[in-house]
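Two complexes are shown next, each including chain A; its partner changes from chain B in the first to chain C in the second.
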Partner chain A sequence: MKFRVNRKEFYQAIQNIIGVVPVKTTLPVLGNILFDLQESTLTMTGTDLEVSISTKLSVQGERDGTVAIPAKILFEIVKELPDIPMQLEADEDFKVALTADKGFYKLSGESKDEFPQISIEETDANFEMDAQRFDGMISKTLFAVSTDELRTTLMGVYMKVLDGELRLVATDGHRLVKIIDSKFNSSGVQQETIVPTKALNLLSKNLAKEETIKVGISDDHIVFRLSETTIFSKGIEGQFPNYERVIPIDNDKKVIINRDLFSSSVKRVSIFSNSITHQIRLSLSSGSLDIRSEDIEFGGEAREKIDADYSGDNLDVGYNANYLIDILRHLNSDEIELHLKDPVSAGVIYPTGQEEGEDILMLLMPIRLNDN
Partner chain B sequence: MSRTILHLDMDAFFAAVEQLDNPKYRGKPLIVGANPKGGHGRGVVSTCSYEAREFGIHSAMPISQAYRRCPHGIFVPGRHSRYAEVSRAMIEILKNFTPAIEKISIDEAFLDITHSLGLFADAASLGRQLKKRIVNELELTASIGIASNKFLAKIASDLDKPDGFVMVQPGEEETFLAPLDISRLWGVGKKTEQVLRAMGIDTIGELARRTETELSRRFGKWGNALWRLSRGLDSRDVVTSWVQKSISQERTFDEDTDDQVRIELTLAKLAESLCRLMRKDNLKGRTITLKIRFDDFSTFTRSRTFSDFIDSSQIVKGVAVSLYRRMRGSGKKVRLLGVGISQLNSVSGEQLGLFEQDSSMNRKLTKLLDSLQDKFGEQTVKRASLLDSAKGKNKG
Partner chain C sequence: MTASLNKIRILPENLTNKIAAGEVVDRPASVVKELVENSIDSGADDITVIMREGGKALLQVVDNGGGMTEPDLVLAFQRHATSKIAVFDDLANVSTLGFRGEALASIASVAQVDTRSVLQGESSGHSLRIEGGVMNSVTASAGRPGTSIAVKNLFFNTPARRKFLKSVNAEYRQILTVMSRFCLAYPEIAFTLVNEDQVVYELTSESHESRIGSVLGARIRKNMIEIENDGPVKITGFVGNQDVVRRSRGDQYMYFNRRFFTSKNLNYAVVAAFGEILPRGSYPIYIVNIEMDTSQVDVNVHPTKMEIKFANDALIFSSVRGAVKRALTSHHVIPEISPWTAAGESFHKAESMSPSSINSGREAAASQLSFEPGRAPLPGWPDGRFLKAESTSTGVEGDGSASMPASVQTAANRTVDASFERLNVWQVHKKYIISQIKNGLIVIDQHVAHERILYERALDSFETRKPSSQQLLFPQIIELSQQDYSILLEMIPFLENVGFVVKAFGKNTVVVEGVPTDVKIKDDERILLQILDEYKRGKNDRTEIRENVAASFACHSAIRAGDPLSLDEMNGLIDQLFSTREPYFCPHGRPVLIHVSLDELDRRFKRH
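Moving on to the complex of A and B:
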């Protein structure tokens, strides 16, 4: 295999797929990226056996061939090179030589036979949509995903295709985001799967310059097709929890708050909260919202009052400030609506005025206050 | 400001409770601890009666040695829930004398009685009344030391055991300490003791006559502390409540083992009793730690931290087992296992969960099990997963 390529495009392509390469693995060959050159098309593939990504790049091909190259070291050297043309050549013993300007670098690759074969299976439900819109939906859900290995089904975003509706749900058991795209054109096939965080992070990285994305879903895998890049991922096994059941419908205490003011107040007050629980207390009274925290261990406390459109009974509720800040950051509207019932039930947060064709809600469970 | 501190230490506590509950044990050498197995047992003595002490038996002695010294002694395994019950009754009595109580173990406590003295004729009469109530209400004896600080009070309570009552009058501190052997000093172990004796120091008085500089040159910071203690100086307060940092449970196997089933069953039992302790104190924790000691005494700990606060024994057990599975395969046998939890938080301040209703049945079951075990002992009811599989094993 032998080709010439510009450093800039080459580095970009490696950067887009390096995220899949596992840092620690029992199968060392997964530390490689598979390079496959056919004429002027170079296909680079990486996998951790759960998630795979491959991307195509136009190069000046001189000799076709296939070889697996150590990803980390290649990434590091290309990263440090200036934007100049470079040449990459692999011999029959899988020794890889990289030449750029005055530099010469040699790596030990491996045979393609050592690298796992990725076969992309057929999918049941297939649709195409605006890439930026899809990216927006992912970023609004991904933050709420669990990192807790105790509940593996929460370690990804639940994706469901219905007729005329695409639905994404993520939860870590304390907060939940549900977002529905109702401008959605589906094939009419209903399908659902849980997409692991890693696949969505990779996808998000690759979506920036894309116009459309093609998605294919089966119950145990999912495929994302972009112009030059394909991501294939196994779905997380198991049943996603019954999220509809935990979305409250009788939260009658409704308050409207300016999102920026609320968020910056919470950030300041949370500096004084307990470092383990990050507990803050929201006290609602007619026309205003009090945000308070105290750290009994260190004797600090903070209190802010902001205007709020509220006319119901007084109510105190405790939240983890970090969760609340996360939620406010992932909404776009100027104002938000917070619907509450009591200090121990989930609060529902909506943007005031949904964006067209989008229906989003977020749930947040309280922290039990000492007085209840 | 001068203070008056009382140290109370129950006499041969576990053994005394056994003799109280079982009249046939009274007046006999009684050893509470591991099963001696005819001299081949592997645990240690946790407490023994004064009758047993005459055979040279003491706590922390290997049980096999205790057996050799006194093969006709009565060896019993110990009933910790019963001791805990008596201990709680003891604390209730102490509360009549001062609210400033620092419980340092199941049978030992410091009391700051500085502000209670007005209610009694003097410290001595308070001490005598306290002893009397312990005898009347618990039918047990305690040894008491009263002094101007914790260190002296503790030494005093130990001087005249059992049923001791020693007071160190203010101003008499140095005279009181001077004749005592240096091994009585807090923190002086075998090594320091050897060094001190080599320096020609055998009594606390001899130590007090050295200069602080000499001791700090020889022992560093520890030297300054030694010098202060030798003069009876100790400014620590009686700490009535403190933030508990961690809870743990551990167990030594009778015989080193590499039997996976047995090891995992033991982890499950440890997790169960750990979580019961947590629930009793209304605590939840976020970091679960497995401690493992192999037959060559190499000891390892492995931890995992979660975003949720946990008090469920099923989760703690699952985590302990998975931590263990990652560590096995060394070919070594296991001698000791421990399961602990830290990053504790009280249940108020608990992050509530969206899907917790799912486990509300399980919570009710846990509460029921806890209350039954509190009433009737740990063997009454258990989860089926904790039943010893050996009993119903049917290999064929």
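Moving on to the complex of A and C:
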């Protein structure tokens, strides 16, 4: 295999797929990227066996061939090179030579036979999505995904495609995000799956210049087809929890707050909260919201009062400040609505005025305060 | 036919002497054991046990067994009356459960006992009331075939004995334990347990596997592997794989001819079969029934018949171990480990755990510089109690007599000037934190240190107020055995004091609605079960309950060996550690940190 390529595009392409390469693996060959050159088209593929990504790049091909190249070293050297043309050549023993200007770099690749075969299955259920719109939905949900390896079904975003509706749900057991695109055209597809975080992160990285994504979905996998890149992911096995059941419908204490004011106030107050629990207390009374924290161990205390559109009974509720900040950061509206019932059940947060065709709600479990 | 129905005889004097005397009945649970054994021996396949106030007020066992004739009924309550052995030779061939012939008499002498018995095929039989050993006359009585014995006001005439009984709850749990032993040994018998007019369980005749599910829960049933051994020692039963090992010796059932007994030796046979895959300090679940020629055993070692003497201990041991090992291996529970790797591994373990070996090579570690597992406590230990600790930070495995090099002393013995330079803190092997201090260096066990911090915080929160609790979006439902359920209910106030929100959810299940905010709790169910086991293992003395819950909470919520820590986290941990009241020892008595003085280092490098 031998080809010439411009460093800038080459680096961009590696950058887009390097995220899939596992940092630690029991299967060393997965630390490679598979290079496959056919005439002037270079296809680069990486996988961790769960998620695979493959991207195409136009190069000046000189000799066709296939070889697996260590991803980390290649990525680091290309990153440090200036934007100049470079040449990459692999011999029969899978020795890879990289030449750029006056530099010469040699690394040991591996045979393509060592690299796992990635077969992207065709699916019956296919549809198209607006890339930017979907990217926005992903970024609003991913933060709530769990990292708890004991509950694997929470380690991804639940995706449900219905006629005229696309729905994403993420939760870690303490908070939950549900977002619905109600103007979605599913082309008759009805399917659901849990997409691993890693696949969505990779997708999001590759969406910047895309307009439309073609999606194929089945019970156990999902494929995102972009203009030059294809991402294939196994769905997470298991049953996503019954999230509809935990979304309260009788939260009658409703308050409207300016999002920026609220968020920056919570940030300041949380500096004085216990560094492990990040616990803050919200006290609602007619027309205002008190935000307080104290750290008994170190004697710190903070308190702020902001205006709030509220006319119900007084209510105190505790939250983990970090969770609250996360939620406020991922909403776009000027104001938010917080719907509460009592100090121990879920609070629901909506943007005031949903965006066109979008229906989003975020749910946060309180911390039971010690005086309750 | 009528003659042979009179089954009960007075044992000849010489035979009664051969049987060691001893009280059989010491608490309600032992009454249940004796009565149910009698019911099983009478051929019953449906047994109901009814109790009130933990059996103190009422214990009634109703069966559908053979029943007794009028003379049998009277004779049954005389000492050493039994239907099961007549002469000494028979004693070698006992295969029924009860045989000492003293149970009913003992019970009748300390309680008010109402007995009604109807022979099979008859519609009327006889009733007899005995109060404190005084027999009333036998009256005719109608009823269904079988025997019903109601024991009321146990120890009513021996107030000292009665005072000795534990709380209603504790006695109730003892009865549950005894009943579980029967239920698991006799799946073909239908058992019903009624407590305070409420049905605790109603088990129908079922397969052994399905019975395990009914008694121990579905999770355990799914993880049980069947074991068997043929030959002179026939072994049947089930053993739990390593997914269901417990932190305490619950759920270990050893039977001889379906008679429950305890044997340290045979328990070790099961543990030995597990070998290295069994985590330290955990216990496998098993139900093992040994069947063999009864002439090879002496069941008569103890009046309550909990111990058995085998003529050929070694054969039984290897049969049990073999049966368990085969089952585990065939289910791929035990990976094959070559002796070489095993040896290499254990060496590595010893090396990485010994503080002196950080800078010393393999040879040095094995030479006189390192410490050998010595026999005598070396100077430097304040007293001998650490030698009993399950694992000390020096971690020498084996007989537990871990020793320290004379020069590496626990900080307790010296005043450590713990003024750290905040940057001079390192984590080694994701297990220990090393820091430079003024006159040397200290090594902190990260898990034990955090354990100490959490322990004191938990104790404090008992004194002050309820801590906050992160509510869960998806409350976790945990299924327990009847016994564990009853214990957990008792623990709830204490659990709430450390931040759990746990509620009873009916039929042996609880629901966890909240977890403590200040610890990262991932597997709520496992942590709760571990706290429960720890609690069971400890003394249930009221004053110690708090410390117990606090200690087990701390132990299972603390960061573990293997958790990576950032510089900030390490400094935070050290700060918090030194603000505790007793930073040098964990609640279980293990050292939190050890101190290596500069003098000592100098001496070792031969600078003096």
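We adopt the following convention: the second predicted complex is superposed on the first by the 371 of 372 C-alpha atoms of A that agree within 3 Å, B and C clash if a C-alpha of one lies under 4 Å from a C-alpha of the other, contacts with A are read in each partner's own complex, and residues count from 1 in each chain.
Please note the rule applied: a residue touches a chain if its C-beta (ideal position, glycine included) is under 8 Å from a C-beta of that chain, and two chains touch if they have at least 3 such contacts.
Keep in mind that what you see is a predicted model, and the values were worked out from it rather than measured.
Taken together in the superposed arrangement on chain A, chain B and chain C clash. Residue contacts after overlaying the shared chain place A:I271 against neither chain B nor chain C. In the superposed model, A:I84 makes contact with neither chain B nor chain C. With both structures placed on the common chain, the touch criterion links A:V344 to chain B and to chain C.
Once the two complexes are overlaid on chain A, the chain A residues touched by chain B in the first and by chain C in the second are 148, 150, 171, 173-176, 241, 246, 274, 276-277, 279, 297, 318, 320, 344, 346, 363, 365-370. Those residues of chain A that touch chain B in the shared complex are 146-148, 150, 171-176, 241, 246, 274, 276-277, 279, 297, 318, 320, 344, 346, 363, 365-370.
Of all the residues in chain A, the ones that touch chain C in their complex are 148, 150, 171, 173-176, 241, 246, 274-277, 279, 297, 318, 320, 344-346, 363, 365-371.
Here chain C touches chain A in the complex through residues 465-474, 501, 514, 517-518, 522-523, 572, 579, going by the rule given at the top. The residues of chain B lying in touch with chain A in their complex are 243, 286, 306-308, 315, 318-319, 343, 345, 347-355, 358.
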